[in-house]
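Look at the two complexes coming up: chain A is in both, with chain B in one and chain C in the other.
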Partner chain A sequence: MLRGLSALVAMVLVVLPPAGGREAVAAPCCMSATAFGIGRLLIWEDFAVGLRLSWMHGVGTWDPNGDYLPHRDYRDEEVRTEVWAMGALSRRASLFGRLPMSLVHRRAGEISDTGGGLSDVAAGIRYELLQIGEYVELPAIALTFAVLAPTGRSPDEMRQVLGADVTGRGAFALSAGISFEITRLPWFVRLDLGTVVPLPFTREDTGRAQRLGPEVDVALSGGAEVSSGTVLSLVTRFAWHAPLAIAGRTVDGSERVDFGLAVAGSVVLADHWSLQLSIDTGFFFSGAGDNTPARVSTVLGLRYGHY
Partner chain B sequence: MKNIRNFVVAATVGIIALFTGAVGCATTGATGSGLDVANLQDLRGEPASLAETVRTSRATVLVWWSATCPCVKRYSDRIRALYERFAPEGVSFVAIASNADDGPDVVAAAVADGQIPFTALLDPGASLADHFGVVSTPSVLVLDSAGAVRFRGWVDNERQPGQGGREAWLEDQLTQMLAGSTKTKRTPAWGCIITRSLGGMGSCGKKSGGHE
Partner chain C sequence: MLKSIFLAFALLVPGLATGCVSDAKDPVPASDIVAPTGDLSVPAGDIVLPTGDLVVTAVFKDAVKTGQNRLLVTVKDEAGATVTGAAVTVDPQMPMHGHGSSEAPVVTEVGDGVYEASPVTFQMPGAWVVHVDAALGTREGNIDLDVTVP
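So, the complex of A and B:
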């Protein structure tokens, strides 16, 4: 899989050489805005809305020792849709919200479960301390703060044996992030650092206080506008989830590590509209993950920007 | 947040200065008032002044230009049309290149291939932009023959050609000025933020312009 992805990236970069120099159509302000994820508003937009459709195919799992175990007679599929919106408050500040829903199908031997529903919604603010292109020598710096509400079904509310009906954390969480981006036309490089801190909650089934471990996320991405309105990006991501604590005691072996790579493309379809496609994969060998499912994700996104 | 932003800039400048010693005082704007505050240059790097143009024109339209801003590209045809309409009536148009990464060669190339159909001047250190509080491209400023600001903002409210409900802010203002009106107008402004260089900050005492 990894070899295939590398070959795909290499092929794309060879076939579509970046537009060069100052004559490039790329604009520093806008190249990465719609490249992947929900991104940010373009400088002339009042608000943007989007729909992201993801298909996640489970291929294995990393156990708590970090050993990779490919699925055998086990199937794990998830389709997730996410409606998102963001609106400008000022030149530097914008609000955003995400409404995800998921449909999960799992099968182990003769047992199969299908479940889903609303996942945890999120809302937050993005503030651009330094905008792209504000200083020649400095990267753009943006801060994000968000609240995630436990609108999904939590693990302790699970009704199905294989947990296909679990769609959320079961706890409020606060997130904060900082992004640094450097643009040298037609290229950009971005570093995203973030943390998610779930708040304590009491499990309904046991009545005991539980706190999911804080999460640290790091993503390094780079990309280029290869032709007018078409941006290709490569993203490496790392996530570490601290162990959970029940009744104040840390649960051994509950920490998680997830590491992966994604290739993403975005195309401006027409005024206001852009399309995104990305493929995300982990590195499926022992040591490249810990206590987490191994999945390949394909994401298709449609974005409308209003101005 | 502005304090935080200033702190981030100052801290980053300090760190870079600490490691590279790169922060200098290469760009120093002349002091004074009005148009004299800027150390404008022509495309050969020679000192230039707007004073004579302003004095001899019924109105002077300053258009902040950028080589890479998509908004500048979107507005170039509309600005050209306004230039062709109003230039014969004694209105001067001047493109101001304040971006630290738009060098003379870039601006000269834009003039040569017709992207900029009128005079273009360089604004090193963005001192003219700072003086007038201009922060983005393609912002527009209109001066009367006495040098007073009569219009500040955007060409129109139409961020996409053909959009309904167009309000021709700049065109209306120029028409009224030529008809003898002394009203001033200020409109919203969007666009790409003007790119600055750390060479114009710090110990030199220069700072970024305010926000519209």
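So, the complex of A and C:
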């Protein structure tokens, strides 16, 4: 049972979208570390650390009318490495941090760029209002709050023609989320709601104040332990980005919508160690997105929990 | 009013010149000075003072693609005459991401009121807005092109 529960939690950790949606969704030129979705500590754990390796492949884009346009003579690949850690402050509270690095390759016709570096880091706190199993008939409820710092290279600082050297949003952001989780072994269902609110900043190229639109993310996941220590799950996600504002005026046509689906698996390798794998995709047809890039993502994660 | 001032100046200058170089020319006989009366509108084909905005149009030289493109900008006045020597700027912006282009286009006048901007770089697919501004003296014009880059 312990192995099953560990696998369940480990799987949830890698599958669920980070705060404010997937990293991949945040515009190719504009990547930012997000907050909630890093998961939680098992009841008996003191801390946990992990490594996530993601590969994102661009396949197309949705225009502001929601029409899907597959890429033509354009290639967009990103490999993202993220180290994360979470430590218990008390029985209910834990601190977490994320350190992502990106490597981007783009090609358009005869132009090819490769760039990368540190992306936007994040740190926050998670608080368990109700822990799993605390009340049999009630779901576990947790709150997360985080700060995202613009440690990545912003679009204003790009030097490459295709912008492959952009690794960050260019602005501080605050995020908050709430999770509801019901576990009835071997099944679980989880609902995550979150928002990311970028703070205003001044663009170096125009000298004008700009504020990226806040985003709202919803993810519903469900799964089961299919064998001892192995969990499979399915995740559906939705993200909405409000229009951005420049010099106090909303920019028409900058609102974004994104839908997606992911399948994930988690395996307990040994005591303290678990391995996770997930594949995430959008729905690549018109109407299934708005003003956002379309990508397929694969994530491989390794987790160590100390107790 | 501007036309009146011009006409008054046109009448005044010969007098000033006469005063400055009094021995260069014979003074203008009073009978030759005609005070303006009646309709002061300038007849077509004579002196036309520039007024109004510039009319700006733009089209991409080839099919728009991710990467570098070339934009042809035409500047005309309200009468439809081509305008040469205008200061033209081209600024691509990507609203959904809140950033501009990775390169600043260089604008070159290729003649007959046509200006070429290159490279107009769209570093990623998606919705872009290309701001084109033209100015000549006190006249100006602009246009925003909504471009979906595949």
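Worth a mention:
As a working rule, the second predicted complex is superposed on the first by the 270 of 307 C-alpha atoms of A that agree within 3 Å, B and C clash if a C-alpha of one lies under 4 Å from a C-alpha of the other, contacts with A are read in each partner's own complex, and residues count from 1 in each chain.
Assume contacts are C-beta pairs under 8 Å (C-beta built on N, C-alpha and C of every residue); 3 or more make two chains touch, one makes a residue touch a chain.
Computed from a predicted model, the values in this text were never measured in an experiment.
When the two structures are aligned on the shared chain, A:251 is found in touch with chain C, with no touch to chain B. Within the superposed three-chain arrangement, the count of touched residues of chain A is higher for C, of the candidates chain B and chain C. Of the two partner chains, chain B is the only one that A:130 touches; chain C does not reach it. Legend: residue contacts after superposition of the two complexes on their common chain; A:270 is shown touching neither chain B nor chain C. With the contact threshold set out at the top, residues 27-30 of chain A are in contact with chain B in one structure and with chain C in the other. Taken together, the chain A residues at the contact with chain B in this complex read 22, 26-30, 43-44, 91-93, 127, 129-131, 133-138, 141, 185, 271, 307. On the chain C side of its complex with chain A, the touching residues are 65-68, 94-100, 102-103, 121, 123-127, 129, 146, 148, 150. If you check the complex, the residues on chain A that touch chain C are 27-30, 60-61, 63-64, 69-74, 76, 106, 108-109, 111, 155-156, 158-163, 203, 205-206, 210, 212, 244, 246, 251-256, 291-293. In the complex of the two chains, the chain B residues touching chain A come out as 1, 4-5, 8-9, 12, 16, 22, 67-71, 99-101, 106, 109, 159-160, 190-193, 195-198, 211.
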